[in-house]
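Note that chain A is present in both complexes that follow, paired respectively with chain B and with chain C.
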Partner chain A sequence: MKMKNLLFPLLLLGLVPPLAAKGVYEAPAAFLADAFEGAPPTPAVIWLTGAKRKAVTQILQHKPDRLRIRYWARAGRSAWILEEIGKEKPITVGVVIDDGRISRIRVLVFRESRGDEVRHAFFTRQFERAGLAPGNRLDRPIDGISGATLSVRALTKLARVALYLDHQRTAP
Partner chain B sequence: MKTRKPPIALALSLMLASPLAAQADTDLKAEVERLKAQNREILERLDATAELLESGRAGQPVGTTEAGPHDHAMPTTGSMRQRTFGIHGRTGSTLIGGYGEMHYNNLEQKDSGSPKSDKKAMDFHRFILFMGHEFSERIRFWSELEVEHAYLNDNNDGSGDTAPGEVSVEQAFLEFDLNDNTSARAGILLIPVGFINETHEPPTFYGVERNNVAKNIIPTTWREGGAGLTGRFGQGFSYDLLVHTGLKTSGSSNYAVRKGRTGVGAAPADNLAVTARLNWVGMPGLLVGGAVQRQTDITQGTDANAGAATLLSGHFSWQTGPFQLLGVYATWSLDGSGPATAGADRQTGWYVEPSWKVTPKFGVFARYSTWDNQVNSGTDTAYSQRDIGFNYWPHENVVLKFDYQDQSTPTGSAEYDGINLGVGYMF
Partner chain C sequence: MNRRRRHRLKLKSFYVWHRWLGLVAALFVILLAVTGLMLNHTDALRLDSRHVHSDWLLDHYGIHAPATVPAHAAGEHWVSQWARRLYLDTRDLGETADGRLIGAGRFGELVLIALERALLLVTPEGEVVERLGAESLPALPLLGLGRSPEGRPMLITPTGRFVSDAQLLAWQTSTGQPAWIARSGELPAPLRERLLRAWRGQGLSLERVILDLHSGRILGAAGVFVMDAAAVLLLLLAFSGSGIWIVRSLRERQRRRH
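Moving on, here comes the complex of A and B:
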């Protein structure tokens, strides 16, 4: 196999225009504006202390390195912008919850080199109307994507964290 | 006897008490305001402490951190640098990880013409350390250093052989992001065929031992020295295209592909190979893909009776809810009279594996696999194996495994049936 016969197709493929597998898909500010009809409320903060820290640790399977989580809430709606590492780098995800159920989940920023398939609507659509089941699990199964297992795992964890914290926010 | 205050004394007392009460009320209000201010300051200090802890930059004044793309995000974990990469050297950051697995095999030998020899062994089969370094946002290095079978020992017989283990570099490559969708790699690369060759951390697959199709037909762990591109396009398509060193089989081993691995140790590069793979994951739970490899001489010019070889492979994985079904098919075509005489001009294998994740921590599986490295020999050379077992994950990155295997082998070949136990981890 002659090397020169192989270089041309390799170079050609390298020049294929990018389809933005890595990058910012939606600015967090735009996500929030969209969630609250252009006027996001002032952010509030929930502290990850005591039982809340234990529960989030159990969901993530590791300790969160944040003491506080910021969120935006008005009436029965809350919006959360969270990050979790898939394999190597954090994936930024926006979650909107209406009355305890996910109404929207979006991958806002993807920095990993693999697993970006989780950004597609065919995947995120599975989370819509998902609520919290006993054990802080989702009340429905999420079908994975082979080759994107760690990204799927990260998004599922963040959906659970958002639902759990929303429940804590509204708990008496 | 009761005494009664004269009305005039009472009036005097009230006159004196009113200013005192007013003074006390004023003092109380001042104290409340002071406590409120103190409480505000404590909360501000608490926020500042949290900022400092979360920034991971103790010693740097709060507020001097540059605003970044995470302005709105409140990470539940730190960035890679915060969590796993330490500042290393003058630039960049370094990641360390690894995986490993220990096996217990209790297998009974059956149906063999040779003396009976059961396999009862405890083996720390693999101990792997990952090391990666990120030079910049677009250039990084990744490697895996492996110790198999726990240790090396010079036999002191002059042969230079060591037993029973092996130390090898399983991967070591530089990756360059050409754009957001395409990366180039160069170094020791895993050949992108099937599932197990690239993704073989113990918690990611069922069964204690890697299946035999991914051992004898796709010679896992199969790595070659070379360069290539990996990228993605459209709705869920991804590709890999590599130019790399090839296998070096020989007639003495009936051209079995597994015996042809060079491990990229001064590997002959007279006759390069090219591998292309395409995957599609356009709907949740489904992956469909295929790979093709062509090399111009599978003996690297050492056998005049052998020549080019082509590998064709297909794979799929379908998951719905807790159920998963995956399968792999791979077949080699070897040119030349040498492989044809041995019947090794066709080497084929496939397996299917249904599994059910009963709970997030417990899953059961079954597998049927069959492989034959001398399909055209005219004699019975096909092997098959049935496995059933379970995985238990006490943590998502830790697994305990059990399986039972039942083999069918060609007449005169050893058949091993029995149980396997394993523990594995990755981090």
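Moving on, here comes the complex of A and C:
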């Protein structure tokens, strides 16, 4: 029997560890360059203090791990590189927002050993054109992936944070 | 001695063996049941976020101080890196995957910490203001952290020196010499001692110890065989217990017939 024929039964028996899910899928700098046609603008920062800190804490269900968030914006477009822990390690996610709606969301760095299905287009496509609904929720449901619940939750939270902060950035 | 009596004695000795085996196995059953229950409720009991501070257990697991502990003074504060964990004085800044500690310095109200692949901006109280990764830095890896004659943060990289604006948002190439460069130092002995205890304590979660107790691995390779022996013992008990029950119920049935 060839090795590849053996692999599936061995995987079923748990004798072969699954291929590592972790890795850098897109360098954050490349994501930004792609979002702004090769020339990202100078970044700006938004401080997470007062009401903003409270709202972000409510979305993340824990205090944010930093006091200010960096973003890149030009015209109606903004790009955010955010991190949230899936189960144990942070997942780095890039979000591009056009006029208050998500136009692109990508998993840039995945450090967990499981749950990397969230990086695939079949999942991230669900966020396209999503906006913010009352209560800082997404205006559409996001279907989960069995076995990747915590990663799905992390990505959904980050999409909400990006939309909320973008709204704060543009609010008069 | 008639046949029936011999049979009774044999059964009695079998029962005595079963009883003694049961007593030994009870210790393992208690251990497995208690640790198993705890592991089934890891999240509720927060076993993964609780850490063991017992010196002998930490020694048993071979958790000792790292060979080198890079440290930098930042004003009146000390930044040190214990394996992958960063500390500002005794404040735990968490683990970092951004490489070796390159330098640290006080910039205005804040402390700037340079690692090989990131820059951390923290308050003197140890709250992270921001982490600047590759997308926000002019070049990597960072080789040194300095201060320009104007008091601005200066990064030394393989492709040159870069000076930032006051907000650390934009970097410009600099040809000037830094007015100051971060140099590593020796942690004060009392601080080193406190950090050693804190760092060792972070190295061993309660979940790891409970898991190892459950599998027997806490005693090393021999412990696994001890737990294997316990499993065989439980199997023997199950068979001997069932055997005793079957023989007794058969005898009971025979007695009723007569």
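One rule holds for everything that comes next: the second predicted complex is superposed on the first by the 152 of 172 C-alpha atoms of A that agree within 3 Å, B and C clash if a C-alpha of one lies under 4 Å from a C-alpha of the other, contacts with A are read in each partner's own complex, and residues count from 1 in each chain.
In this section, a contact is a pair of C-beta atoms (placed from the backbone, for glycine too) under 8 Å apart; a residue touches a chain by one contact, two chains touch by 3 or more.
Fair warning: this is a prediction, and the values are worked out from it, not measured in the lab.
When both complexes are superposed on chain A, chain B and chain C occupy overlapping space and clash. In the superposed model, A:42 makes contact with chain C only, not with chain B. For chain A, the partner with contacts to more residues, out of chain B and chain C, is B.
In the superposed model, A:54 lies in contact with neither chain B nor chain C.
Looking at the shared chain after the overlay, A:65 reaches both chain B and chain C.
Of the two partner chains placed around the shared chain by superposition, chain B and chain C are both touched by A:28.
Of the two partner chains placed by superposition, only chain B is touched by A:153; chain C is not.
In the superposed pair of complexes, A:81 makes contact with chain B and with chain C alike. Applying the stated contact rule after C-alpha superposition, one finds that A:141 touches chain B and leaves chain C untouched. When the two complexes are superposed on chain A, the residues of chain A that touch both chain B and chain C are 28-29, 32, 65-70, 81. Across the complex, chain B is touched by residues 1, 3, 6, 9-10, 13-14, 16-24, 28-29, 32, 56, 60-62, 64-70, 81-85, 88-90, 92, 109, 113, 116-117, 120, 122-123, 126, 137, 141-149, 153, 158, 161 of chain A. Here chain B touches chain A in the complex through residues 50, 53-54, 56, 69-80, 82-83, 95, 132, 175, 177-184, 195, 199, 204, 227-229, 231-236, 238-239, 241, 243, 271-274, 279, 281-287, 294-296, 317, 319-322, 326, 360, 395-397, going by the rule given at the top.
Residues of chain C touching chain A in their complex: 97, 123, 127-136, 167, 169-170. Across the complex, chain A meets chain C through its residues 27-29, 31-32, 42-45, 65-70, 81, 111.
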